[in-house]
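Common to both upcoming complexes is subunit A, partnered first by subunit B, then by subunit C.
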Partner chain A sequence: MLAYILRRLLYAIPILIGVNLLTFALFFVVNTPDDMARLQLGAKHVTPDAIARWKVEHGYDKPLLLNTRANGSAQFTDTIFFKHSAAMFVFEFGKGDDGRNIGNEIRTRMGPSLAIALPVFVIGLLVNITFALLMVFFRSTYLDLWGVVLCVVLMSISGLFYIIAGQYFISKLWNLLPISGFAGGIDGLRFIVLPVLIGVVAGIGSGARWYRTIFLEEIGKDYVRTARAKGLSEVRVLFRHVLKNGMIPILTGAVVVLPLLFMGSLITESFFGIPGLGSYTIDAIQAQDFAVVRAMVFLGSFLYIVGLILTDISYSWADPRVRLQ
Partner chain B sequence: MNTAWLNFDPVLLWTDALILTLLAGVLVLVWFIRRHEHLRAPWRSVAQRPMAMGSALVLSVFVIIGLLDSLHYREKLPDSLADAPHYSVDVLSVFDAMVGDLRTQQEKTYSEPLAMQLYAKEFVQRDGVAVREYPRLKFGGSHLRHASERVPDITRRSLIGLAQGLAVSLLLFGLLAAWQARRTQNSFGEWFMLWGEGRLDWPGRTVAVIVTLLLMMGGLLIHLAAAYHVFGTDKVGQDVLYISLKSIRTGLVIGTLTTLVTLPLAIGLGIAAGYFRGWIDDVIQYVYTVLNSIPGVLLIAAAVLIVQVYVESNPDLFDTAARRADIRLLALCLIMGVTSWTGLARLLRGESLKLRTLDYVEAARAFGVSHTRIISRHIFPNVFHLVLIAIVLDFSGLVLAEAVLSYVGVGVDPSMHSWGNMINGSRLELAREPVVWWQLGAAFTFMFTLVLAANLFADGVRDAFDPRQGGRQ
Partner chain C sequence: MIITADVGAVLGYTGGMTRIGATLLKTVLLGISLSLMAGCSDSWNDPYPGSAAQANVLYSAFSERPKHLDPARSYSSNEVEFTGQIYEPPLQYHFLKRPYTLIPLTAEAVPQPRFLDSTGKLLPDTAPSANIAESVYEIRIRPGVRYQPHPAFARDPSGSYRYHAMTAEDVAGKSQVSDFEHVGTRELEAADYVYQIKRLANPKLSSPIFGLMAEHIVGLKDLGESLEKVAKAQPDAELKLNDFSLAGAEVVDRYTYRIRIKGKYPQFIYWLAMPFFAPVPWEAEVFYAQPGMAEKNLTLDWQPVGTGPYYLAENDPNRRMVLKKNPNFHGETYPVDGDAADQQAGLLADAGKSLPFVDAAVFSLEKETIPYWSKFLQGYYDSSGISSDSFDLAVQFSAGGDPQLTDSMRKQDIHLITAVAASIWYVGFNMLDPVVGGLGKDRQKLRQALSIAFDYDEFISIFLNGRGIPAQGPIPPGLFGYVDGVAGLNPYIYENKDGQIQRRSLSTARKLLAEAGYPNGRDAKTGAPLVLYFDTMASGPDAKSRLDWMKKQLDKLNVQLVVRGTDYNRFQDKIRKGNAQLFEWGWNADYPDPENFFFLLYGPHKKVATGGENAANYDNPEFNRLFERMKDMDNGPKRQQVIDAMLEIVRRDAPWIYAYYPKSFGLRHGWVHNVKPNLMANNTLKYRRVDPALRDTRRAEWNHPVLWPIVLLVGALVILIAPAVVAWRRRERKTA
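== the complex of A and B ==
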């Protein structure tokens, strides 16, 4: 087991290097520091001097890969690649355009992101499984048919509308909850309820429908027929056998997104003014802050790969038939 | 090509060219499928599903509008010479020409749906005295003399529109019934009985209801839009119905062209990885794990920023605003395609791994059939249903993604009509007092209809093509 995890971890390194090289190519080779400077300074202030000054301020005045003017190992270390791309492997993200340390920002903003994303994930999972089980219990009836139609209808509504409608009706019209904002501790609960509620409702359509197909696939299997032949009631078959076996694909599918919860949701956080990583990213995209976008790309990829490794481990844990080699 | 004799200059945008190519490809595919019974069978099963047929009809309305909106041209300026014509900088489409006044009838600012007055009070000179009141619209309801005439007029126009729609649909139904009765050698009454009891070999009742509803809606819109702004006007006074209709093309382009980009990557790399295994498999798996691990929105953001820089530093390549917006739309499709081929590729890889061990593939290899031939004759036809299901399932997700990306600011060009841009603009309108809700409402209605129809159609296609679903009740 340990050797397997170790090998998976080693396998993650080339992938992270690939991500790093790709972002380096996108942000520095295709889009040169000169281009970035021009975009940031705006059309009016573009002079060679201003571009040079901007590059010095952001540390982009060095050669990309090889510094011929330096001596010894500094030839490789005193370059944009080493300072801005390779440094991310030790989570050195440098500073954003606002002069703040990106690493610090990430640490302080992870909390608020998790405060929204984790409840949405957990409650959403429970609600979706409940709905899916209900539909499976009433399968091949009109209740099931209309349940599926309702799921498709819910799926067809853009996430933006859920947020806009929720904010408009619940906060603006009926004044039940604050429209946006965030606070720490127990006081912050009233800010969290609405985004979590909307996040859960927005996910029901696709989630419940997907879990329904998983459960239906299980219900056609031999062990279910055996359980029924034994004389077990339909409720017992559903909860003791189908639910348990159906949980394997559901949980392992959920594990991969677990680490990504740290990243938060771009749209939800920006609509509700939550100071998490999602709104940080969206602000960076809109302000064209390349350092922050680059850091978030690396962080996102890192968390995704962690998720992949956790998925592999959880497979073997949930299903002993899966052998790790 | 010398087009001086035309009184317009045809403009072929990049996305137009690709859409027309796609259309040609679909037509060839339809022709091919019609000639092969085993390919026709699942489609016949799609055509027998009421839900799938109904949504296909709704989709086809969107597709027709989108196609008409993809034939672009520039008008010749009236004062230009015959041998050296000058053309307007505005790129129009056949659709623009068809809706005519809807595009040009611009008000001053916001007005409510079906209103005859602006939404905000202004100072108006009346008998030499400045009065603060709601000014009349220039076009919306301008034929009315008094506000009390508005409601009766709207009712009258609606009823005429609905009645005309119903009449056309009854006429069509009569013709269809006559043709079908002749073909099946039933009497008119017998066919009608079969239709009424739902015993035809196609979902006749659903089709009739949907067509009637669509025609009645069309009649209603045509009659009301002739004299009013049916969905009101936006901040600069542009008709919201027109903007919503123009947005259809953007949504369709993103939903279809993105898939067109993903297909060669997903099919080529997915099958190659599964069929050849070994180091080819390792390399392809590595590439798609790397691409997959980068958060999609961020990769798209980075790519869109790069395109923006490129367009700004090469202004001479893009002579009109439409071309600039178009290249950004194309770039968006490309980059969304590059980020989204991995799912299908993984699916095809797994399927090819299974197929390559089957007896007939082994036999082909033993006979010395080349790899390309094995892949094209034995592997590809057996994974084609997966490709098709992926195309229709992805479509609605891509249309929805456009709205989110436009909101983030990395979607289509802000000057391009799209539902994402409409939603983005309506955020501030909802914070206004009194609320401006119609732009959001219109975007919601159109987007929801398209995505719902696409989802229901995709379900039908998947049920018909997926062999795993076949045995279940």
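== the complex of A and C ==
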């Protein structure tokens, strides 16, 4: 298995280079280094000299991809792309255009992002699977029918609506929880409850329906009939046999997003004032901070690859027939 | 406790549930109740857990995290909101006096320039500008001013700096300034001001005003070039600014320094009230330049070191920034001289009392307007702006058109604060454009006709909820040169109707359009319709309605307006290259002087030719001549005369459609005192006073937790789940 993991990690290198190159190309098609300098220097008193100085200071005074004035390998290494990309492969992200260390920002922001994303993921998974199994248990009854209707209604509502309605009713009207904010330690609990609650409720519709479909497919299979024939109770059949056999598609969807939980949620973090990586990314895009955008895309790609590897590993754990070679 | 009782009742009711279900419900509810009680506050929605009740703290918010807190770099209002309280330039604006008046801050007096000719001979104050080769400002600072406690000043018993020779390992365990065990301070010296002026030229800092100041301060440009050479040769080395001299900024003695300005530049005095000219101790730069510091964001750009009334105690721009009272603050008293209106508004109640009043100010990051507004209404923010979404909830207009608070706001003892900003919004004509540009009579008439058609009174009413005043020229109210009422109207666009300012009629606009060669909106020679192009960065549903409104305005003259939407970068590019025809732009005053607005129309500042701030590329030789005269004059009747002549020219030429002067509306709770809008000063936190006891009472009153929804929700869940549980058990029995 170790050899398999190492091989997959090696495959990741060209993928990450490709992603980096693509991000670089897309970013600089829209923005020139001069545009970036102007945005950073503000709207007033920006002179061509000031722009030139900013570019030198931030390393954007070089050609983008090919330095024809340089000789030998410097033609490729003395460029904006190389200078700003090579160090990332050892997770050295450098500084953002505002001068703050990106690695330090990522480390401090990862915690708040996880504080929301992890409970939403875990509780959401448990609630969705339980709800889906209940619908399967009551399949072809009015409970199943209304359960599906409820799911469709829940998934038809915009995520933003849940946030605004949750903040309005729970925080503003009933004064039960703070409307936004964040704190570390035990104090942070009161800030986490509302976004987690909203995150879980907002995900029930689509999640429970998806798992219900998986379980319904499983429940018609021969091994289930055999289990029933052996006299097992329906609860035992569902929770021990159907759930276990339905794990492969569940893992496919769930494990791959596990590492991405670090990246945070864009809207939730913004509305609830969570100082996580989601809001960091959107702020960087708005501020045309290429250093941060590039670092976050790189990190996202890397974590996605890690997620895929973890998914493969989890297959072999969930189903002994799967072998990693 | 109440929650626990409810949980018990609920669990009793659901006696038929399975053990697993009951345990699960118990755990969830227990978790919620625990989290609610965490923080030991009476109000469950209190966003400040652990904060002492009735603390003398001001609570505010910021919507965008500051990018720079280095006084050489910070320029945006969201940055000077912090740096203004920490750093002290030599001068400041009087808190109450209007028009805005400069008074000393750390200086002993407001300096008066001495004028010298090219031979260095002293000239009288009345000397013509052309004869003045240099203006010399000598500033004497008050002795005894001390810096905030900071590890950069800490010394060991032998007198050496404790933290000036650290290695990356020494810094390894520190993540914030407060992690350093020892702190120290020292007295402010004139050399610190000179050091900061040199920092403006440091290429590694990219100060936004370096270009501008290099034109005025003797030798600053040369210093910039020298530093750039050194920086290129040794890119990783820190520049030791004390090793470089600057002819235009010299230390005279321990408490006095001198600044030499090329020629006459009376507006320079206003720059001395901005953090750009605040002192920076060299020890701070040495301290932060050490290995391992920047990796932890321990830089002067993020951890300011000043002499002001507050210091930055907590710096998490991603969550909150906390300013605390500087224990070494030199002391200052609340102003005693205000006018009758100030007296009536209670703004002189604290006259002569020691500043600052609040012990700390907590600024929380609040990106969205909904939570910001809700927290303000709950009493968790002491003051707030008014977003468009909440405007109707907060403000209504009287029959006379005056803004008033709604009953619900008054009931909460909320107060409205309004002020006309020292800003202008305008629609610029590119004067290089063959259709709308040029100084010919027909082009003037075309622009005047279009200016009449754009009914900005209507715009202000529809899109700004009345938060603006139709502009009569480039100078906003509150600045010298602005004339209020009908005496100050723009006669080309407005007229005096029974003492009221009224926009000229559309028939006048049509007549002007015809005289410009476009009768009924068509080219008199070719018969082709007049099509104009408006470049804008605005997008989204809100912008669409505004842009539709603009099209409608020109439809009235049968002129077509084509909107060309573009992103920020492309828009800037078009303006820079002169490829736009009509565009919308705005300007906020740097300082309260008409020069700061007229220079936007000064020919030698044309955007296309020089990259200056004259985005319309307007260039009228007569206006330029008057501008050069006006900028060096002292305020008085003679200057007003010149300004009036300049206004007449730019109103007639109409290079801009003078749209509106925005009005800022703000709200404050009844427990916040000493709030008077001062659009020039950025150090007003020290004047704020809060009544924490009243705030605490009101918060408790407004934030009673409402518990019935929890009971109702649990009840509804039980009603939903109970039949399912019954059915489950029935089915289980059947299966068995």
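Just so we're on the same page, the second predicted complex is superposed on the first by the 288 of 325 C-alpha atoms of A that agree within 3 Å, B and C clash if a C-alpha of one lies under 4 Å from a C-alpha of the other, contacts with A are read in each partner's own complex, and residues count from 1 in each chain.
We take it that a contact is a pair of C-beta atoms (placed from the backbone, for glycine too) under 8 Å apart; a residue touches a chain by one contact, two chains touch by 3 or more.
Please read all numbers here as calculations on a predicted model, not as lab measurements.
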First (subunit B), second (subunit C), both or neither touched by A:Leu145: neither
Partner chain in contact with A:Val30 - subunit B first, subunit C second, else both or neither: both
Which superposed partner A:Val235 touches (first subunit B, second subunit C, both, neither): second
Touching partner for A:Leu9 - first (subunit B), second (subunit C), both, neither: neither
First (subunit B), second (subunit C), both or neither touched by A:Met263: first
Which superposed partner A:Leu39 touches (first subunit B, second subunit C, both, neither): both
Which of subunit B and subunit C A:Ile164 touches, first, second, both or neither: both
Touched partner set for A:Ala183, first subunit B, second subunit C, both or neither: second
Greater residue coverage of subunit A in the superposed arrangement, subunit B or subunit C: C
Residues on subunit A lying within both footprints (that of subunit B and that of subunit C): 30-31, 35, 38-39, 164, 168, 172, 288
Footprint of subunit C on subunit A - complex, ascending: 30-32, 35, 38-42, 44-50, 53-54, 56-57, 95, 98-101, 103-105, 108-109, 134, 137-138, 141, 143, 164, 167-183, 186-187, 189-193, 233-235, 270-273, 275, 279-280, 283, 287-288
Footprint of subunit B on subunit A - complex, ascending: 14-15, 18-19, 22-23, 26-27, 30-31, 35, 38-39, 140, 152-153, 155-161, 164, 168, 172, 216, 220, 263, 266-267, 281-282, 285-286, 288, 293, 296-297, 300-301, 304-305, 308
Subunit A-touching residues of subunit B, taken from the complex the two chains share: 286-287, 289-290, 292-295, 297-299, 301-303, 305-306, 308-309, 312-313, 396, 400, 403-404, 407-410, 423, 426-427, 430, 440, 444, 447-448, 451-452, 455-456, 459, 472-473
Contact footprint of subunit A on subunit C as seen in their complex: 32, 34-36, 38-39, 43-47, 49-50, 65, 67-68, 75-76, 203-204, 206, 208-212, 228, 232, 294-297, 299, 301-302, 316, 318-319, 364-368, 370-371, 374-375, 377-378, 567-569, 572-573, 590, 611, 613, 703-706, 709-710, 723-724, 727-728, 731-732, 735-736
